[in-house]
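Scrolling down, you'll hit the structures one after another.
After this come two complexes, each holding chain A, first together with chain B and then together with chain C.
So, the complex of A and B:
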């Protein structure tokens, strides 16, 4: 375990060193990340008008989407787009030759990015808050649970999307698969609409599928949208999906290695 | 559970009937064929490596020769644990390579020409520092090895520069350093001098020789530059179409596979007109030399007789009888002109 910590320490340093140099690219990424929730916020605010929709007033939507923006930023990954590239450029081979699972270097890249960009995203959320006036009432207890939920959300999303990325071992047409994933994700994770506003059937699906537990669940939790039992239930489902995701990753990784043809390099 | 067979193992690398087959989808050109392939995929079996066997003792430097597509790189990748074989066995330092045990990976290295090991945007030294943690290299050993590598590869001015600012030769030296910083006991070098200029090639060769001398590491090196092989390897394994054609001493290769001599003749001015060279031997193209010299390939046992005939019948200005250059031998083996 200590070895793993030292490993991540070294890799984080290197990843930070690399990403610090791509300032312009970082800014462009961030703009994209910010625009989406702001658009939804504006649309839903218009729908709510001076009243409320499904228990959400304008202020509630502002709180929801600004928090969503931060949480999504903290948990998102790009690994499924990158993996095919890594294989073809030979970088995966280079990583496989070393006595360290490539997943660690790639996770370190992800974490390093979040560390760097949080410096900009968090102030940005605050600034947007000054304009959109979110209705916020936080408690220490909820914030503590929120942090736990985010940690689980990050790991879950990472495992899910990394496992999806492993499809690159079997096909070069990964884009189609990724688009399918994102199509579902958008709806179910809480980005198109807060969970409570989804039609009943879809809401049930969203509560059973893993997507909500990577973004929507922590957001609803910290904003006080969930009762005690719902919070416990949420954590339970998150844990179950964590176990499933880990098992899937493990199986696919082994199967993928057997199949790997190292053609890129 | 480790698959390590323990210290009773004497060979550094032991390969038995190792094979790697690929299914490659195949179709002819044209629209009709393209549509047809949507419904039914035709595949062909490619035997990249076909039941090869060999054993390499610790400390040996062995050359792996073969034309492109022969299966050398595929074999190296299997021995380094990158690829799963289709059939056969192998053990490197007692480990089964494709089990990818950490203890195994810590003891080997595979250097490929286009290797992307170094962090592109960082100075090379940063990759070395990360490797130190990955390979769990003790601090003093790290310092010592680093100093040696700096000396042998002349890295001092390079380590602080961003990798993307280095020239190809400089980058190759840094890649080598990163590949060797953990002092592996087995080196797999795949075309290590490809794309480099002559000075750099020579430098890499002497470095490998020196590393082998200092550490006793086992080296398995592929190349299609004969100079790499003649400079470093006393033993060669020749592979073609995935099959092992020859495994033995380099010198004996020429003798066995090419029982020929090259007779080079220069005639006095004007004497070359009307001469039918085929009476004496096979005219060779591709050997260096200006136009006034003629090179003939003559079977060994006929060399003396042909030489005598040439000297008596023609106005010879200069004549020499030599063994064919090793490149020519290998070349003919690959083109299937020499029976094995």
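So, the complex of A and C:
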């Protein structure tokens, strides 16, 4: 464990150094992350009007989508595209020669990116909050649970998307798979609408599948939308999916590595 | 006429090239269908809680989604790949070969690279527009159809000009791909009518990045509620932006000094 912490410390430092060079590009890339929640915030505000939809008023939607913007920023990964690239260009070979599993290096890149860009995302959320006026009342207990849920959400999303990214070992056409994943994700993670506004069947599916536990669950939790039993249940499902994702990652990584024959240098 | 013939040849060459990878067509079709299918389901969720959205009916939003898909397909099939290649060529210095050809350089760099399969988005988007229009029923007359066609062409011209201006920056800035992201991010907002957005965002989407003209205006034209002044403005803007983009391209070209030769 001590070694792992030292490893991450060193890799974070290296990764930060690299990424700081592209700071303008990093900020531009954030645009996409901000625009989607704002679009759906505006759409649902128009639907709610002066009343409420499914228990959400305008202010509630503002709180939901602005929190979601931050949570989504903290948990998102670009690993599915990066892996495809690393394998097709044969760059994975160089990473395999190093003593640490590539997953650590790539995770450190992700964390470094989040550290850097949070400097922009958090003030942006506050600024948008001044405009959209969210109704938000926080308790200390809920914020603590929220932070725990985000940590779980980040690890779960990382493992889930990393495992899917490993599909690149078997096929060079991962784009269709990615599209399917993001289609489901968009629906089930709470991006198109808060879970309570989805049709009952989809709601049930969302509660059973992993997607909601990477974004929607922490958001609903901190907004006080969930009762005690629902919170416990949510953490339980998150943990179960974490175990499943971890096991599948292990299996697929071993099988994929055996299949991997370097392309190019 | 000469340029039409060149365009036909370019299309033929790209088609032959891509026919080698026919499975890609199926993959692209699946991908487009998934993305449009989820978008339609999203609309279904929204309209299960309301009857109109900012004065737009469900059918009108289906038409808007279709137009969004047509524009995305056109940009993704023709303009995007061609302009990407331009940036690559400037970095490698291989733009020299393009400039020596007896065709206007702007024409060649804009239409040279065609990813045929991405036209699936145009097909599926067209089907959505058609389906939505049929459901809208008798409100669509010849006048609406004609102004729709005109605004759609104007939209393509405006968006193309905007992207050409961004791509031309490649003569000064090396990593211009990052600037192109501005367009693809904000274009997302075009899935919904711009009238929905708050004043400041609507201004940005109309005056800074022409998302409003790309999707909302043609949809309004088809639904028969386009203000004649907006129609005139769209046409004027199309002519103006094409003029500016061409002038900027020529200006940028003077800054090009081959990297290899």
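Criterion: the second predicted complex is superposed on the first by the 265 of 265 C-alpha atoms of A that agree within 3 Å, B and C clash if a C-alpha of one lies under 4 Å from a C-alpha of the other, contacts with A are read in each partner's own complex, and residues count from 1 in each chain.
Everything below uses one rule, namely that a contact is a pair of C-beta atoms (placed from the backbone, for glycine too) under 8 Å apart; a residue touches a chain by one contact, two chains touch by 3 or more.
No experiment lies behind these values; they were computed from the predicted model shown.
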Problem set entry | Combined model on chain A: chain C and chain B, fit or clash | fit
For this session: For A:50, decide between first (touching chain B), second (touching chain C), both and neither.
Result: neither
Exercise. Is A:137 in contact with chain B, with chain C, with both, or with neither (first, second, both, neither)?
Worked result: neither
For this session: Check whether A:180 is in contact with chain B, with chain C, with both or with neither, and answer first, second, both or neither.
Result: second
For this session: For A:260, select first, second, both or neither according to whether it touches chain B, chain C, the two together, or no partner.
Result: first
Problem set entry | Touched partner set for A:14, first chain B, second chain C, both or neither | first
Problem set entry | chain B versus chain C as contact partner of A:227, first or second or both or neither | neither
Exercise. Rounded to the nearest angstrom, what is the minimum C-alpha distance from chain B to chain C in the superposition?
Worked result: 7
Seminar exercise, completed: chain A residues contacting chain B in one complex and chain C in the other none
Exercise. Given the complex with chain A, which residues does chain B contribute to the contact?
Worked result: 22, 77, 80-84, 100, 102-103, 105-106, 109-110, 112, 114-117, 119-122, 126-127, 129-136
Seminar exercise, completed: The chain A residues in contact with chain B across the complex are 3, 6-7, 9-11, 13-14, 17-18, 21, 89-91, 93-94, 96-100, 257-262, 265
For this session: Would you pull the chain A residues touching chain C in the complex into a rising list?
Result: 22, 24-25, 28-29, 31-32, 35-36, 38-39, 42-44, 46-47, 53-54, 131, 173, 175-176, 179-180, 183, 186-187, 192-193, 197-199
Seminar exercise, completed: Listed in rising order, the residues of chain C that touch chain A in the complex are 23-24, 27, 30-31, 34-35, 37-38, 41-42, 45-46, 48-50, 53-54, 175, 178-179, 181-182, 184-186, 188-189, 191-192, 196-198, 201
